[in-house]
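What follows is chain A paired twice: with chain B in the first complex and chain C in the second.
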Partner chain A sequence: MNLMHLSLLEQTMLVLSALALFLSFALLAQARLTTMVHLFAWQGGLLALLTAVVATVGGAHHLYISALLTLSLKALLIPWMLHRLIRRLQLERHQERLERQALVMMSGAALVIFSYWVVLPVARLELADTRNVVSLSLGIIQLGMLLMVVRRQAVAQVIGFMSMENGLFLAAVAATQGMPLVVELGIAFDVLVAAVLFGVFFFHIRESIDSLDVDLLTRLSEAEQEKLASEAEGDA
Partner chain B sequence: MVDFLNPTGWALALLQMLLFSAGAPLLIAWVKRIKSRLQNRRGPSLLQPYQDLRKLFGKEAVMAHTASPVFRAAPYIVFGATLVAASVIPLLAIELPTTAIADVIVLVGFLALARFFLALAGMDVGTSFGGMGASREMLISALAEPAMLMAIFTLTMSAHSTNLSSVIEHVLDAGLLLRPSFLFALLGLLLVAVAETGRIPVDNPATHLELTMVHEAMILEYSGRHLALMEWAAQIKLMLYGVLLSNIFLPWGIASRLDAGSLLLGLVVIVAKLAVLGVILAVSETVVAKMRLFRVPAFLNLAFMLSLLGMLSHVILEVGA
Partner chain C sequence: MNELYLILALPAIGAVVLGLVRNLRMASWINLGVSAATFVVSVMLALRVLEQGPMHSDKLLVDPFNIYLLVLTSFIGLTTAIFSRPYMEHVCHTGQCSPQRMRLYHSMFQAFMFTMLLALSTNNLGILWVAVEGATLATVLLVSLYRTPEAIEAAWKYFILCGVGIAQALFGTVLLYFAAQHVVPNAEDGLNWLVLYQHAGELSPTVMGLAFVFLLVGYGTKVGLVPLHQWLPDAHSEGPTPMSAVLSGLLLNVALYAVVRIKMLTDGALATSGHPHMAGYLLMGFGLTSFLVAGLFLHRQRDIKRLFSYSSIEHMGLATFGFGIGGPLGTFAALLHMLVHSITKSSIFITVGHASHIAGTQAIDHIRGLIRTQPSVGWGLLFGVAAIAGFPPFGVFTSEFLLLSATIQSWPWLTVSLLTGLVIALAGLFRHLHPMVYGAVPEGQTAVKVNMIPVAIHLLLVLWIGLAIPAFLANWLDQAVQLITGEGLL
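This part shows the complex of A and B:
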C-alpha cells in the first residue's frame, strides 16, 4: 500500500491507530496505577478522535454519535470511576514493578508481529484502504491480554481488560466503518456495567484476603491457611 | 547524482565542516542562555564558550605521570572523528561529495570510534573517576546504539537507501505525508540524542558531582588544549544530533541546488531550526529532573521500543499487503 494514495485524513487515521498501539505498550510498562488510568483515558480519547476521523472520511454520520459515546464513556466516565476506586481503596501510591520488564516488552512486540501474520489473509479481502489497522487492533487486544497475564494487581488487570475492548472497537471502526448503533450502545453499556461490577468485586476481594494481589487467591480457605500456620509452629 | 570532480562541492563540504565547528559553541551558549532565562537568571553571554575555548587553548596541557600515548592522542582522535562524522550529515545542501561517499552506518561508526577512544582515555590514567565514567558511558552507549540503528533502519527502509542525502531527497519528494513510522523514529531518536549527548535526564553537563557525572568523569584528567578539544568535540556532537534530527524529519528549506540564493536560504533555515530545537532542549531540561543511573536502561528501553514500533508500523501500515 502506498501512503501517497491516501488522503491526509486517512493518514491521520493510521497515525492515531499507531499511537493507540503505543499507549498499549505504555500501559504494559507503567508501574503506577493512577498513571495507568491516565494512559487508558488517553487511549479512549484517541479512539474517539479516530472514530470522528473515520466518520468524516466515510461520510458515515452515525459514527459521530459513537465517537461522542466513546469520548464520554472511555475517556471520561470510566477513568473517573477507576480513579475514585483507586482513591477509596487507598492505592494512589501503589507501585508494581514488572519482573523482567524488557522480556515482557519484547514478547509484546512479538505478539504484534504475530497478529500481523494472522491478519495477512484477512487484509486481502477488499475492505477499506486502511484495512491494515485490523492487525494493529488485534495487537492491542493481545497486549491487553498480556497485561492481564503479567500483572497481579486486580485493578491493573481490569484496565488490561478494558484496553482489550478498545482494540475490538478499533477493529470494528477501522475495517467496517463501525458496528450498527444498537450493538455499539450495547457494548458501551456492557463495559460500563463491567466497570461498576469490578468495583464491587474489588471491595469483596479486599475484604476476604486483605489485598488486591490476585496471587493470594490460590489459597483455598482461611482454615487451610491456619492449618499451614499451625503446622509451621509444630515444626518449630 | 553527485559530481565528484566538481570543486564547488568539495569547497562547500569544507565550508560545512567549518560551520559545524564554528556554530557548535554558539548552540551550547544558546541552550545555556534559554535555560538561565527559564530559571530567572541572566545567563552568560552568547560568546562565552568561544572565550572558554580560547582560554583553554592558551593554557599549558598538564599530563599525569602514568599517562600513555593513548591519553595524549585521544583528544585529537575524538575531535577528528566527530568532525568527520559531522561532515557526513547534509547541513546546508543535499548534494555534497562527502555526504554521497558515506552513509548513515558510517556515521554511527565514526561516533562509536570517538566514544571508544574517549572511554580508553578515561581509563588510561588509572583514576577511579575515569574508569567509573568510562564504564557508565559504555553502559549508556551499548543501550542507545541499538535504538538509534533501529530508528535509522526505519528511515532507510522508507527511502530504500542508507545514504542520508537520498533519505532527505526522498522525504522532500514525497511532500507532506503523515507517517506513523517517522513519528516513532523521531521520538526514539530524540531520546537517543539526549542520552548520547549527555544531557538531562541522563547526564548533567553542568556539574562535576562525583555520584552522577559521566562525560565529565572521563575528561577529568585533561587540561589545556586537550580539554578544549574534548569539550569542542562534545559541542559538535550536540549540534550533529540537532542537524540530523531537523534535516531528516523536517528537511524543507535545505538547498537542493548549489547556487548562492538557495544556500543562503538553507543557512537561514537551519539556524532557525537549531534555535527552535535549542529552546525545546532547554525547556525539557528545566522541566525534567536528572534520573538515577539505574533508571537509564528503562529510559533507553523506551527509546528502543519507540524505534521498534516505528519499524513495525512501517511494515504493517505503510508497506503491508
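This part shows the complex of A and C:
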C-alpha cells in the first residue's frame, strides 16, 4: 500500500486510528485511575471524529448518527459515570503498583504485530483501502484484553473492557462503514447497560471483600475448593 | 408471523410489569402466567410452521432448526417458572433474599427469556449478538442474587469472561459483514441469515475462515467449551437454582445454535477452498476436549450444582462434536442430544434445588439419604442422573448411540475416546450420587414442600423419546438436518 496514493481524508483516518492504538498503550502504562478515565474518554473522542471522517469519505450518512452516539456515550457519558464512581469509592488518589512494566509493554507490542499477522491474509485480498485499520483495531482489542489480564483493580479492568469495545467499534467503522443502524443501536444499548452494571458491581465487590482488588476473588477456583475441602476434613 | 411477534412481546412486557409488581405472591403467579402463555403461543407457531413451512420477514425468521429450539426454550421456561414459585418462596422465608431482590429476580427471568427467544428467532446476525450479550446482562445480577462473597465472585467472573468472549464474536461478526458486503447486492442486508445463505458460496474463504475462528471462540465461551468454560460452574453453582436450570437448559443451547448456523455459512464459503472441513474439525476438537476434560472434573467436585454444571459442559461438548462430524447422522444425533440434554438437565437442577433445601447445603458430603427423607426427591435425582448418564431406555441413550454410530461411520478411531469418556463421566456421576441417594440419613433431616410435577413431566418426556421417538418429532428434526447438511436422514 502506498500511503501517498490515499486521499487526505483517508490519511487522516489512518492517523486517527493509529492515535487510538497509541492511547491503548498509554492506558496500559497509566497507574492512576482518573488519568485512565481521561485517556479512555480521549480514545472515545478520537473514534467519534474518525467515524465522522469515514462518513465524509464514504458518503455514508447514517454514520454521522453513530459518530454522535459514540461521542455522547464513549467520550462523555461513560467517562463521567466512571469518574463519579471513582469519587464515590474514594479512589481519586489511588495509584496501582504496576508490575513488570517493560515486559507488559513489550508483550503489548508483540500483540500488535500478531494482529497484523492475523489480518495479513485479509489485507492481501485488497478488498478495501482501509484494511490496515482492521489490524489496528484488532491490536486495540488485544491490548484491552492484556490490560484486563495485568491489572488487579476492578475499575481498571472495566476500562480495559470498554477500550476493547472501542477497538470493536473501530473495526466495524473502518472495515464495513459501520454495522446496520439497528445493530449499532443494540450494541450501544448493551454497552451502556454493562457500564451501569459494572458500577453496581464495584460496590458489591467492595462490600464483600473490602477492596477492589479482584485478585482476592479466589474462593471458587478448583484448587481453592480442594484446599477448603481438605481443611474441612482436617477439622472433622 | 403474528405468533412470533407475540412470543417476543409476551416476555418483554412481562419483564416490565414484573419490575413494577411489589406483591411477591402475585409476581410469581404473573411470572408463571406469562411463561405459560409464551409456551402456548410457541406451540401454536410450531403447528403453523409444520403446516405451512418456514416463514420469514426482514427481521424475523422461523425454520425447522429454530422452531424446535423455540418450543424447547418456552417449555423449559414454563416448567422452571412452575418450580421457581415454591422454591423462591422458601428462599425468601429463610431470609437469603429480600423482597426487592425478588422483584429483580422475576423481572430479569422474563428479560432473559426475551433475549433467548429473540436470539433464536432473529434473522440478523448482529441482533443475535446483541441478544446473547443481553442474556449475560440479564442474568449477571441474578447470579449474585444472594450477595454472598462466592456469589459476587462468580458473577464478576461470569460478567468479565463472557463479556470478553462475546467481544470476540462481535469482531467475527464484523469480519463476516465485511466479507458479505462484497457479494450481497444490497450491502445493508449483509447480516441477514437468508441473504447470507443464498450467497454463502461467494463469500471470501480467507475472511470467512478467520471470522469463523473468532465467532467460535466468542459463542463457544457461552456454550462452555473447554478451555473457555471457567465461568460456567461458578455461575451455575452460586446463582439461584431456577437460574441454573435455565442457564444450562437454554443459554448453552442458544449459543450452540449460533455456532451451528455460522458453521453452515462457513462450510458454504470454504467448500471450494483448500480446507473445506476446517469448521467441522475445529468443532470436533473443541467438542471432544470439552467432553473428556469435563468428565474428569466430575470426579473431584464437592458441590452438587458444580457437579452437574460440569456434566453440562460434557454434554454440550458431545453435541458440538456431533455437529463437527457433520453428515445427516451426526447432525441428527447432535440435535437430538441438545433436546434431551436440556430437558433432562433442567429436571436434574430442579431436583437438586429441592435436595439442597432438604440438606440445608450444597456440599455433596452433607447431602445424604434422600430416598429415606423424601422419596420423591431421591428417586427423582436417581432417575434424572441415570437418564443423563445415558442409561437406556432414556432419550440420552438414543442420542449418544446415534452419535457413536456416526463416529464409527466416519472416524472409527475416535470411538475409543468417546467410549472411555462416557465411562469416566458415568463413574464420576455415580460415585457422588450413590451416598446422596442411599446413604444414612443425618439427624434432624426433614422433608420440605416440593413440587415434583415438572421433574416428572421432563423425565417422562425423555423416556418417551428414548422408547420411541414420536414420528412428528423425528420428522421435525429431519427437516432441520436437511436444512443444515442439505440431505435428510430419514
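Keep this in mind: the second predicted complex is superposed on the first by the 217 of 236 C-alpha atoms of A that agree within 3 Å, B and C clash if a C-alpha of one lies under 4 Å from a C-alpha of the other, contacts with A are read in each partner's own complex, and residues count from 1 in each chain.
As a convention for this text, a contact is a pair of C-beta atoms (placed from the backbone, for glycine too) under 8 Å apart; a residue touches a chain by one contact, two chains touch by 3 or more.
What you see is a predicted model; the values in this text were computed from it and never measured.
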{"item": "Overlay on chain A: chain C relative to chain B, clash or fit", "value": "fit"}
{"item": "Partner chain in contact with A:194 - chain B first, chain C second, else both or neither", "value": "second"}
{"item": "Most chain A residues touched (candidates chain B, chain C)", "value": "C"}
{"item": "First, second, both or neither for A:145, with chain B first and chain C second", "value": "second"}
{"item": "Partner chain in contact with A:103 - chain B first, chain C second, else both or neither", "value": "neither"}
{"item": "Touched partner set for A:133, first chain B, second chain C, both or neither", "value": "first"}
{"item": "Chain B versus chain C as contact partner of A:116, first or second or both or neither", "value": "first"}
{"item": "Per-pair minimum CA distance [chain C against chain B, superposed on A] in Å", "value": "15"}
{"item": "Set intersection of chain A contacts, chain C complex versus chain B complex", "value": "124"}
{"item": "Residues of chain A defined as touching chain C within the complex", "value": "118-119, 121-122, 124-125, 127-128, 134, 138, 141, 145, 148, 154, 157, 161, 164-165, 168, 171-172, 175-176, 179-180, 182-183, 186-187, 189-190, 193-194, 197-198, 200-201, 204-205, 207-209, 214, 217-220, 222, 225-226, 228-229, 232"}
{"item": "Interfacial residue positions of chain B with respect to chain A in the complex", "value": "174, 176-180, 183-184, 298, 301-302, 305-306, 308-309, 312-313, 315-321"}
{"item": "In the complex with chain A, residue positions of chain C that touch it", "value": "124, 126-127, 129-130, 133-134, 137, 140-141, 144, 147-150, 152-157, 159-160, 163-164, 167, 170-171, 173-175, 177-178, 181-182, 188, 190-191, 204, 206-207, 210, 233-234, 237-238, 297, 300, 302-303, 306, 365"}
{"item": "Interface residues, chain A side, partner chain B - complex", "value": "1, 3-4, 8, 11-12, 14-15, 17-19, 21-22, 25, 29, 101-102, 105, 109, 112-113, 116, 120, 123-124, 132-133, 135-136"}
